[in-house]
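Encoded as structure tokens, the structure appears first; notes follow it.
Naming follows writing order (A, B, C and D), and every chain is counted from residue 1.
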Amino acid sequence: MAQYFLEQARVADFVAHLLASNTVYAPHRKGSRSYAFAKADDPAAVVLDYPRTLSSVKKFFLPPREVLLNFDLTLDAASVPPVEPGNAVFLGVHSYDLAAVRRLDFNFTTGNPERNYLARRDGARFIGVSYVPDKFHFAGSVGIDPYDMTGCDMFLTKHADGWIVDIPTGEGSELAAGFKLEAHDEPKPPRAHFTQHVFVPQARLGKVMEASYDHPVWNETADACLGCGTCNLVCPTCYCFNVQENVDIACTSGQRERSWDGCMLRGFTEVAGGEFFREKVAARQRHRVYRKFKYISDVTGQPWCVGCGRCTASCTAKISIVEIVNRLIRDSERDESILT
Amino acid sequence: MAKPRVAIFDFTGCEGCELSQLNFEDQLLDILAQVDIVEWREAMDDKADEYDIAFVEGALSTPDCIKRIHDIRRRTKVLVALGACAVDGGVNAIKNLHPIEEVRATVYGQDQYLFPTLPALPLSAVVKVDYNVRGCPMTQAEFLRVFTSLVMGKQFEEPDLAVCVECKLNENECVYERGMICLGPVTRAGCNSHCTNFGQYCIGCRGLVSEPNLKGMNEVLTSHGLAVDEAWKRLQLYNAYRLQGVRA
Amino acid sequence: MEQQIQQFGAGPRELYLPEMAVITEVRRLTELETLYTVELPGGRDLGHKPGQFVEVSLYGIGEAPFSISSSPTRRGSFELGIRRVGMLTDVLAGYAPGRKIGIRGPFGNGIDVSKFTGKDVLIIAGGIGLVPMRSLINYVLDRRDEFGRLIICYGSRSDSELLFPDELAAWEKDPRTEYHVTVDRGTEAWTGRTGVITTLLPGLALDLPNTVACICGPPVMYRFVVMALRGRGLPDQNVYMSLERRMKCGVGKCGHCQINNTYVCQDGPVYNLPDIAKLREAL
Amino acid sequence: MSRDLGLENLDINVKHLTRVEGHGNIVVDMKNGVLHKAQLDIVEAPRYFEALLKGRSFHEAAIITSRICGICSLGHQLTSLKATEQALGLAVTEQTVLLRKLLIHGATLQSNVLHAYFLAAPDFLKVGSVIPLVATHPDVVLRALRMKKLANDIGDAVGGRAVHPITCVPGGFTHVPTADTLRLLRKKMVEQMVPDWLATVETMKALAGAIPVFERPTEYISLRSDGDYALYDGDICSTDTGRVPDSEYRRMTNEFIVPHSSSKHCKVSRSSYMVGALARWNNNHDKLCPEALQAAAALGLKPGCTNPYLNTVAQVVEAGHCALDAVAIIDQLLEMGPRYEKPNQEPTQFGTGIGSTEVPRGILYHEYTYDRQARIVKANCIIPTGQNLANIDDDMKKLVPEVVATKSKEEITSWLEMLVRAYDPCISCSVHMLDVEFME
């Protein structure tokens, strides 16, 4: 496949080129040292070289809050608000976030396909970028290379002087059309190494998890865990939601709204009669980790964690999912070695 | 259906919650259209004998307060605690941490016996409270949710999540990243993480979640450079009453 | 699954929009439970299987799942037996015939009755668990010849909380139905058996391999009933049970009803015991 | 009740006066023509804030003192921040000062509008509250709501929230409004607030006849600065004795305890003095913008005014100045280009600092002493309503004998209630902060 080159000095021009005929979402600075995807309007404000964003691009397909129904209480009638098709270019997406989008696609198309998600997902084009793993990334361990361009219409690989450009799809060529890119035939610079690793592949992990249901790590983690749900909410593959009714002040109309929810939250499994099905924080921690490495993975063969490191980076209690998993691996291997 | 008769009362507090009620400029007329306000000392002269809903602001801190709150409970069908002082005792309750005689002597010296006082109590310590509108000042959106629930005759389900949840929905940069400490992880959501949306740390005004991991929180605070007693003081700012007898 | 999913856009059906239906009859069963007869527009059939549920919406109040209590063999309308426990059910308790409610569904797998054909059917229902089981009971009664014995074991906290007294009396009289009932604590008027539901099982004469059991009741009941049935030698694959979890969507998206790796609203609420025996969060 | 003019005996007891902030009782006791008592009893429960402040970090001082009073929460915050910044040697930027001044304008506007329309106007129209006015004077009520809302919008946009603002911290702001937000505010101030204020002046003119005529020579104290109409900063200025720096605030307040009030009283040159909008008018009218001066002329408010009932009129005049000066400040901010600045929170010293600002009801003082961990060891706060209490009592003592011969008990009661309300007292504030020396 042909490769091109985009000098660092022309990145803003390239963003401007994209903006001329597309809606573009891209990473921007947020707060004192964070980044977030936002609608681009000033090409100079777009940041391509960043460690990770607060939320992933998930928020565009499954918004943090979304009206499912508008209802009229005087007529006892409800209607579905229109969902605008996405039709946007997502610039600067890391490979693990795109892998997460594919996992969400699976969740929202299997069983009952969901119109809201699929409509927003419609017309999305992705321009990936490579990244240098920091102390939280471990995507390599779940099989997602920083240079992986699956699902991308264009891919930018970091180079000392700019970006090496791949254009794997026709959509990508359309995006590039009219913007002059020099051909480039040198090999890509070698990948930077990950500093975080899960020690075994998913195939073995299923077994490890199987053996770890009653492992002490769940209780130990629960001592420090605040049950705040942050780890769920920042995760690009978490998709659970809560549904709430809002009634306007005149009590004549309102909305049924859904918002992101998380299995670490105490009320998540509460049912009538005040019974909780996963009341203990330890059980919730196990559920969270099993959701990432066992339950859906047993069916699909894929880890449902994409190694972005967000849950660990964002946890105020400094609980690391990698450490939890590696501890399970170590202990299950030790148990096996005792047995054999 | 007759309009619900509403009364509004205040005890020990800053009256910021009542002011926040007046600050519903856009909705005030809608609110007035749905209820009859029959008593509200801060805004009107009228008095009434019975009400369907009483909104009560402030903590209880004198023997007279206790008498009045019993009286209000007898006259009302539903009692709503308005704001941190009424719900949890609010900042008033910090004084409970010091021996009461010492506090009075500090403030009034030899004249202390002119002014009777009790430890600051939330309303629920003395009477049954049906619903809480938390926050300092009360969270306006929660007031509207409680209000519409009451008008529609449904129960109001209090959120039992950490402020972190809303903070993440709003995609804020965590204030710990800015070198500040924050009580969001153990504080009850419902304010749409108002403070952290504005770059300030959560001071915990909405009270603790139902089962806070205080030991864990204390560790988080100390690991971010606060001394243990300082960390505990931050937790007590709005939770002095609830944490009575709990040690750091 | 790593294949690209190409088809996006506005293809799929509306998952979250309820259809407005009318309550045509309200029958107070006990102080807490009420039976609602509900009719879809034009008297259209719901098209459900026994064991399935619907999501009931009251706008401005909320939405909650309820099992369908009537048998699909009874046409034109369906029934919901609902206990007052909270926000939505409190408001619903004040509803009279003529009020509209939103319905989504039927959802869930329901009971595959074809697996029961020709077999003895043992129903074990605790408390409000009788509501969903009633759908199966009436199905069997309406197609009586397709099944073997019909054995109903019903347990309730007290005789004042027994649901569907007319129907209970009818089952008791029906020679082709074996009806057993027990209450935890009877009032003075109670002359029947007292004790928890498991005390009914040892006395039953069962044609073991030819019997299928169906269980529904409060969460604590399951473990003990399963133990008792195993004690009687009933193979696990002959045991079915209906589970209940919190649900926000009913269509396998919101995550609330997940038990280990299974979604109650998709793979359940009716499970064959071997499928969940290993799930630690299930029983 | 019978009409009983020329009473020899008068016994008035208004328990929990309505339409004021906090709890106070009016008590008058006259027997055989001799006035034994005419005073405002403060029965608000004491809250012991000073005990709450001890040992608290400098980050928390303004957060806690803000909770003294919901109505003047912003004033407490800014005063507290000024005291803290002086004590710890934290310099703030020009943008911070401008944003704070803008916030004060918003808070003063909202408080003055609230008082004039919701608390005082019902007296002039002889109704019990603003609620009947919704039916009889809908346009006036809607205008009042619009003005209040817009004033609060300033607090929301700059402070994050009008009651107990969020963004104001020692050394600066945690959040700065964007240029777009400021432009929108400006537009609303110019297109809505200013015309509404002009209409308010007209309404006030129409009601002027209902304002009692009563004069009592009084010492008026407010801040005064060489620059602007002093609200955020200035020297202490008395109509009797002139200007002194705010470090002399203890001499200029002189707190003392009286048995009928859980709030301490104050006096300087005479037995009492007055602070608030009328004091600011008397001291600083020369610094008001021309539009506000025109309004004052139209309303008959003259320099050297000694009728406390006209405090409400002074508030209306001042509201116009706040609205117009807010526009000027926004223009300055826009010119500079608003930008986030990290709050300066690195103490350069640990000692004592004093803050004084004009809050709607008058001068507010905070004084803190910090230890080397930047924790409070000593705090002293003096609240405007506390300063006015002695003056209210003195007014009553002059007013009752003057009117007792010509008015009924109801009329006298109503005049006394109106008098107290004219001061716009913030009673719950007044009891919260008292002179405290912590024992170490």
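Note that contacts are C-beta pairs under 8 Å (C-beta built on N, C-alpha and C of every residue); 3 or more make two chains touch, one makes a residue touch a chain.
Only a predicted model underlies this, so the values are computations on that prediction, with no experimental measurement involved.
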Reported most central chain by Cα centroids is B
More contacting C-beta pairs: B-C or A-B? The answer is A-B
List the centre-to-centre spacing of chain B and chain C in whole Å, with centres computed as mean CA coordinates.
43
For chain A paired with chain C, centre-to-centre distance based on mean C-alpha positions, whole Å
38
Return the distance between the CA-based centres of chain B and chain D, expressed in whole Å.
25
Going through chain C residue by residue, note those that touch at least 2 other chains and give them in order.
60-61, 86
Where in chain A do residues touch two or more other chains at once?
32, 247, 251
Provide the list of chain D residues touching at least two other chains, using ranges where the numbers run on.
none
Which residues of chain B touch chain D in the complex?
11-20, 22-23, 25-26, 28-29, 32, 37, 40-46, 61-62, 64-65, 90-92, 94-95, 98, 103-104, 106-109, 111, 114-115, 117, 136-137, 194-195, 197-200, 203, 230, 233-234, 237
Using the touch definition from the top, list the residues of chain B that touch chain A in their complex.
27, 30-31, 33-34, 144-145, 147-149, 151-152, 160-162, 164-165, 168-174, 176-178, 182, 184-186, 199, 209-213, 215-217, 219-220, 223
Which of the residues in chain C end up touching chain B in this complex?
60-61, 86-87, 90-91, 94
Quick one: in the complex, what on chain B touches chain C?
148, 152-155, 157
How about chain A: which of its residues touch chain B in the complex?
30-34, 36, 54-55, 59, 64-65, 223-230, 233-234, 246-251, 259-260, 262, 265-267, 281, 314, 316-318
